[in-house]
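Chain naming follows the written order as A, B, C and D, and within any one chain the residues start at number 1.
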Amino acid sequence: MRTSRLEAFSDGVLAIIITIMVLELKVPHEPTLEALRGSATGFLTYLLSFVYIGIYWNNHHHMFHVVEHVDGTVLWANLHLLFWLSLLPFTTGWMGENHFARWPTMLYGANLLACAIAFTVLQASIIRHCGRQGALAQAVASDLKGKISPAIYFAGMACAWFLPAWTGMAFFVLAALIWLVPDRRMERAIRAHEPGQG
Amino acid sequence: MRTSRLEAFSDGVLAIIITIMVLELKVPHEPTLEALRGSATGFLTYLLSFVYIGIYWNNHHHMFHVVEHVDGTVLWANLHLLFWLSLLPFTTGWMGENHFARWPTMLYGANLLACAIAFTVLQASIIRHCGRQGALAQAVASDLKGKISPAIYFAGMACAWFLPAWTGMAFFVLAALIWLVPDRRMERAIRAHEPGQG
Amino acid sequence: MRTSRLEAFSDGVLAIIITIMVLELKVPHEPTLEALRGSATGFLTYLLSFVYIGIYWNNHHHMFHVVEHVDGTVLWANLHLLFWLSLLPFTTGWMGENHFARWPTMLYGANLLACAIAFTVLQASIIRHCGRQGALAQAVASDLKGKISPAIYFAGMACAWFLPAWTGMAFFVLAALIWLVPDRRMERAIRAHEPGQG
Amino acid sequence: MRTSRLEAFSDGVLAIIITIMVLELKVPHEPTLEALRGSATGFLTYLLSFVYIGIYWNNHHHMFHVVEHVDGTVLWANLHLLFWLSLLPFTTGWMGENHFARWPTMLYGANLLACAIAFTVLQASIIRHCGRQGALAQAVASDLKGKISPAIYFAGMACAWFLPAWTGMAFFVLAALIWLVPDRRMERAIRAHEPGQG
């Protein structure tokens, strides 16, 4: 099976997730600045989730760039990732409406953690399909970010539990910032892979 | 007419269906674990419907892989399938909100049944268009899953009616599990078809 | 400008319109058959609008099949059509919630009329761009359906005003049925055009 | 990285934004003309935002037409633009529900301003990536519209603050009209670029 239709479907789902999250931002009924202020936390959580979906789209894009064929296992591992990502509008909305209360912040962290695990599973299933010598296997050989992120999410969840919940948010923002730094390894692998194709 | 635009449109609709279902998961207003528990059945039904849309996307993908041209009848048979699939967010939402009550569970089963019939109709219309000797006709010659599924949905609906409604759900989960097992016949047909093209 | 990206964008918008209409189908709160019955008119109007979007997608698909380049005017004529189509979820929802009351039925007819006019404008803008000798100009030379439809919508609106509103609906269903019959002329034009390309 | 997948993703997001805005148009509960009249400002703001998204899609389309490769910075500059555009349903809904009150009109202007700035940033990031000699750099050398628009948005926000808020709207409509006039410069650049590719 070629990856093109899988990529197109994933792009479609990610485009929808990133956009419908704004529907959870409830339009205030009063035309005042105070009413708008009530949407402020909703806005911040929307921004954070938007960045996360952007990061996943970016990483997804890079990962499948070095893959040519997929099998049924990869396809379901991909749907598994999309499932957890599709819950982000729900968990984002709950956290945004409750101004970073304890349980919603915990759940948001758990959702991020599930996405990270699903991405690792997807990566592993691709590597098993393409072989240990494939471009992807070498690119992720020392996948530092992928190993650090879950630890950060765990730390954030612990903070949200024992300390004021916004401290947990600080960790989730931190993890996003780490991912925003472009993944040089992957880009190098792509560049090394490209001439091999041509 | 080529299948590419039909596939792209179907992918778009399926991507949207699979994603907007999460909008039926109402964000709880309280930041407590109890409030979240009220969303638990909603979450489980969302998960089941997500898997079903994934299965249909997968099967749709496989089916059109061995087809090159379609006519107006196939196009409308495809829209007919998309119609029943597009009702899944509605029936899923009703069942999820009412914690597997009798009528919503019946309706959910009826919706799955309608999707299964629509898929069979689509398959038949493609086979009529491509001829009995086509790759698809041979691949589905002994379409065991396609024949068993409606029986399972019927059994589920009967159970939902006479027994506690969650017993019906067990059948719907069972049918999904049967489909999750990859369809070896179709994959073999694709592999046999591929060299014929190249 | 090539038509491919315009087609992809239109497909995306149509796929979303056809799918989000189901969100206007309010999930009933009671798990009873009576509560579901309240969604019956909503379901019927959803079905009708689904068929209309399917027809427009089909016609759109056929029309751009015989076009290779577009200019800015065609692009905005296309967005103009998408605008009126994007209002269908709103007018469908209003009519469905009010069980075919007079004003909602009138508005629904007006929306269908606006879509029909926008489609004619789009057709005209393409013909002006491609020239009177183009494949499309010849295909629509005797565009009977395109001329009859607005008359039917007008008749439906008049009936909805003077008679019980469901009589207007009968006309809207009739117009959909006329369009469901495949457009032989266009298919013949495509077939005549295809060898010219190859 | 090729631009095709970035374009497809952006098209998806824009198609969704342009379509889900209609969900902020609340379906009136009464089947009367008065109830519909309450949706009139909502309809007008929807129309304006629809035109704006159409303009951005159009400009985006033209801009990436003369670009062949993008890097990570361009990709995030593009997501940054999509973020501000994705807030349009929210700000449009707030303004439409409050019949052009002061604060919502200000916020809408601020949103348009943020989109304009994000578009300029995206343009600059592409030019930096492709070099000052690229087709885009020459096309936007005297980007009059891009420089005038922010000034118009500022004027509109000032009017919305000191005068009745609908005067601000007049400026936002004016800016849209200016953009609707097709960008001859860009089209010329594309035409000059095309033969270089073939």
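Criterion: a contact is a pair of C-beta atoms (placed from the backbone, for glycine too) under 8 Å apart; a residue touches a chain by one contact, two chains touch by 3 or more.
Note that the structure is predicted; figures quoted are calculated from it, not measured.
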item: Same or different residue numbers at the chain C/chain D copy interface, by half rule; value: different
item: Farthest chain relative to chain D (centres taken as mean CA coordinates); value: B
item: Between chain C and chain A, distance of the C-alpha-averaged centres to the nearest whole Å; value: 37
item: Cα-centroid distance, chain A relative to chain B, in whole angstrom; value: 26
item: Residue numbers of chain B (touch at least two other chains); value: 8, 12, 16, 20, 23
item: For the chain A and chain B complex, residues of the former touching the latter; value: 1, 5, 8-9, 12-13, 16-17, 20, 23-24, 72, 75-76, 79, 82-83, 86-87, 89-90, 93-94, 97-98, 101-104, 107
item: Complex interface listing, chain D residues touching chain C; value: 7-8, 11-12, 14-16, 18-20, 22-23, 25, 27-33, 36, 47, 50, 54, 57-58, 61, 65, 180, 182, 187, 190
